[in-house]
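Listed after this line are the structures, all set down as structure tokens.
There are two complexes below, and they share chain A, which is joined by chain B in the first and by chain C in the second.
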Partner chain A sequence: MTFAERMLRIDRRIIFLVIGLCTLFPLLFPVGLPIRISSEVRGVFDYIDNLPEGSVFLLSLDFDPASKPELYPQAIAILRHAFHKNVRVIAMTLWVSGTGLADSIVSQTAKEAGKENGKDYVFLGWSPGGSAVILNMGQDLYTAFPADYGGKATKGMPVLAGVQNLRDVTYAVSLGAGNPGVEAWYVFGKDKYKFELGGGCTGVMAPGLYPLLRSGQINGLIGGLRGAAEYETLIGQKGKAVAGMDAQSATHLAIIVLVAICNVFYFTMRRQQRRQERMGS
Partner chain B sequence: MIALRRQLPLLITMVTGLVMAGQYYVPHPASEQLLTTVTKWLQIIGGFALVLGITSLFHVHAAKIRRKEAGWGYSLMLYAGMLGTIVVGLWNGGKESIDGAMTSFGWVYSYTLVPLQGTMFAILAFFIASAAYRSFRARSREAAVLLIAAVIVMMGRVPLGEYLLPISGDLSSWILNVLNASVRRAILIGVSLGAVALSFKIIFGVERSYLGGGKE
Partner chain C sequence: MELSFEVMLGGWIATGLTLFILSFLYEDNPLFKLAEHLYVGVSLGYTIVKTYDTVVMTLILRPILEKGEWSLLVPVVIGTLMLTRYVPKAAWLSRYAFAFIVGVGAGLAIPRTISSFILKQIEDTVRPLLTLVPGEGVTFTYSLLNPASNLNGIIILIGVVSVLFYFFFSVEHSGPGKMVARAGIVFLMISFGAAFGYTVMARMSLLIGRLTDLIEFSDASYGRPTLWLSLLTIGTLIWLSRRSGAHPPER
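Up next, the complex of A and B:
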């Protein structure tokens, strides 16, 4: 077996080690390279930033703990921004396994901002039906969620004053890790009930949502950890996403180097094989 | 019996399908009221679907344990985990926290489900790197184009990449906004047309696999 062949069949544990080290070292010794703000993330930021005080902002945390590393920092940054702008926040989730996580995110940021449950914000929790919940909220929010996550009746809550259905929502953002998520909020929500919609998603999902973004079906998109880091930079509160960007930089570069090395060995091996074939004939 | 098993579900599907498709274009209050009622039904059916799914899961794994099939120990773990979580969840009224204080159900959620799911997602990075090393080779012109595009996007999506190759940010943005968006849009149009065609087939009873393959 030639050297090139041996290198192409390298033990995958070596690759795991390289990736592990590339993740660990930047977390221990952060560099803090500047983060460029994309127009996609700025779209969401600008819209929330220009919301008048008291506007109704709906945040749907449509993810479970598997997507926590990417979507948790997005949710924290958006909620911090919304609370800072004194808009009324309605939070909810379409993913049953994400209810506890969503609750902790909302309560944590609300506490941090000194906001009162029921007056400044409400966490509606989860309701069965998937995408049908969006339609149901669009018809009547109180039949979809007669009570909030804590069991308090939603009807009569000061935070929901003047809100009957999704038509009364000024801006909605879905942070989705799959289905139901951003796409469902457009198809069953924005298209029929005419509110402005923004999106957030995991890095791997982002390319799939660009058609919605380019056609104006969503007005902005926060993609993965990078998007969260951009949002944290925009609100001037650097958190977990900015801290993780160095690690992501290093792992991306490590993968690029690994792919380059693999191709060098692949072409070396192919050249050797062709030479042997020529010599044989 | 055949009428109840076959004709009646087909009739319900056709009537409901046609009425709800038409409802979208009728903004009359009665039509809106119909949608409100139907969406409430959908939510209730969704709740039952969840119960059905869990029951089915229990049945599948119970059979595995009974027959001592390969990996039956995992099924036992699943039973223990599910039953334990259901008991703790019912005990706490399904709440992870009450007035800001974590419940035992919240503890199970925060200290088992969250780290387990997080770990599963995190190890993806390691497998992606390993798979990229083994299979991301410029074997053909098309593969080379894909490889170059991937490298540009990977560079352009991280600060270090933009620092080393400043143009990668703009190039990556162009690839995502122009090339990727147009191809995705074409796929979406194709999928949507397929969905419309399938919906018609279901509404008019051409596609009947959803009725199941039971005896008539």
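Up next, the complex of A and C:
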């Protein structure tokens, strides 16, 4: 067996180990590679940054713990920014399995910013119906969510003063890990009730949402951990996403090198086989 | 900083389950199975409890009993009809519930989806290839980084037409048609490559997330669960592999 053949039949666990080490070392010993801000992330940041004090900002945390590494840092960064701008925050989720996680994100960030539940922000929790909840909120927010996550009646809450339905929302961002998520918020929310919409999503979903971005259906898109790192850089509060960027770059480099090496071995082997065939004939 | 017992316990459970799941990378083993079954059970249990609490208690029982909103019984009855699937003689009643859901769902989704994903996207695809700027006349912008540039408009036009032609099977792909279909394949490959690149990035992000937590839980304030549970996992894997070596599976 030639060297190329042996390398192409290498135990896959060695490759797992290489990728694992390439991820672990930059996390333990960060280098601090520069992070370039993309226009799609800046779109969301600029809109929130320019919201007047007291505007109504809706954040839908449409994900569950399976997507936590990518969407948790995005949610934390956006909420910190929104609380810093003193806008009224309405948080909710369309994913029943993400209710507890969404609640901990909102309450933790609000506590950090010294915000009061019911006055500065509200976490509405989850309501059944998926995309239909958005339509329901578009007609009457209080029918979709008669009580918040803690069981307090939503009607009469100071944070919801003047808010009857989605038409009264200034800006909405959906952080989605699937369906219902950003697309549902556009189709059943923005397109019908005419509020501005931004999106955040997992890396897997990002290519599918770029057409919505280009056509102006959403005004910005935060894609995966990379997008979260860009947002953290923009608000000047480096967190888990920025810390993971060195590891991300290292693993990408490792994968590129592995793909290149495998191709070299593959073509070497093919050339040897052809040479042997020619000699045989 | 002194951590509460619940936080420490959470750290130990999270670390253990992460390591048990990651142990699958070595080989399938009972630790992985344990974590996998726990994941399915806990997530399903959580969903059932949350759904019961929100739907049955908050949205149905409380409004009916406390506010007398008896009209809520209409959706409750329609929903209950679905359960007649389990009674063969009354199963036909479930068709009314399904008919209602399919009818309302299709009625809500079809016009909105056509508007959002077909009309809006066609509107965005059909863009002027040249721009008329007042005072400057007809201009052509070359920037690849600006999605609204004329050059990108031409690339999108070629991409859309060639990919649509590639999926048009009523005409043989030969001569100039072959060239257009080949261009369609190139555009498709670029799209698949971009999607795969993002998928790799997403999967690596998940790994980074787990490793970040493992590093955090290696702290002395948690009692170093990462260290102890790593030793336990590795030890178990060694023991299991020795045991399976001593009793090779029957062929």
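Everything that follows uses one rule, which is that the second predicted complex is superposed on the first by the 281 of 281 C-alpha atoms of A that agree within 3 Å, B and C clash if a C-alpha of one lies under 4 Å from a C-alpha of the other, contacts with A are read in each partner's own complex, and residues count from 1 in each chain.
Criterion: contacts are C-beta pairs under 8 Å (C-beta built on N, C-alpha and C of every residue); 3 or more make two chains touch, one makes a residue touch a chain.
Not measured: the values here are computed from a predicted model.
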Just chain B (first), just chain C (second), both, or neither: which does A:R36 touch? first
(message) A:H252 in the overlay: touching chain B, chain C, both, or neither? Say first, second, both or neither.
(response) both
Comparing chain B and chain C in the superposed model, the one touching more of chain A is B
- prompt: In the superposed arrangement, which partner chain does A:A243 touch: chain B (first), chain C (second), both, or neither?
  reply: second
**Which of chain B and chain C A:S97 touches, first, second, both or neither** = both
| message | Looking at A:R214, would you say it contacts chain B, chain C, both, or neither? Reply first, second, both or neither. | response | both
Check your understanding: Taking the superposition as given, does A:G114 touch the first partner, chain B, the second, chain C, both, or neither?
Key -> neither
*Could you tell me if A:Y186 is touching chain B, chain C, both of them or neither one (first, second, both, neither)?*
second
Exercise. Touching A:P146 in the superposition: chain B (first), chain C (second), both, neither?
Worked result: second
Chain A residues contacting chain B in one complex and chain C in the other 16, 19-20, 23, 64, 68-69, 96-97, 99-100, 127-128, 132, 135, 192, 203, 206-208, 211, 213-215, 224, 226, 248, 251-252, 255
In the complex, the residues of chain C that touch chain A are 25-26, 43, 46-47, 50-51, 54-55, 58-59, 63, 108-109, 112-113, 115-117, 120-121, 123-124, 147, 191, 194-195, 198-202, 204-212, 215
Note: in the complex, chain A contacts chain B through residues 8, 10, 12, 15-16, 18-20, 23, 31, 33-36, 38, 64-69, 96-97, 99-101, 103-104, 107, 111, 127-130, 132-133, 135-136, 139-140, 143-144, 149-150, 192, 203, 206-208, 210-211, 213-215, 224, 226, 245-246, 248-256, 258-259, 261-263, 266-267
The answer for chain A against chain C in the complex is residues 13, 16, 19-20, 23-24, 27-28, 64, 68-70, 96-97, 99-100, 125-128, 131-132, 135, 146-147, 151, 183, 186-188, 191-192, 202-204, 206-208, 211, 213-217, 223-226, 240, 243-244, 247-248, 251-252, 255
The residues of chain B that touch chain A in their complex are 24, 32, 35-36, 39-40, 42-47, 49-50, 95-100, 106, 109-110, 113-118, 120-122, 125-126, 128-130, 132-134, 136-139, 147, 150-151, 154-155, 157-164, 169, 173, 176-177, 180-181, 184-185, 188
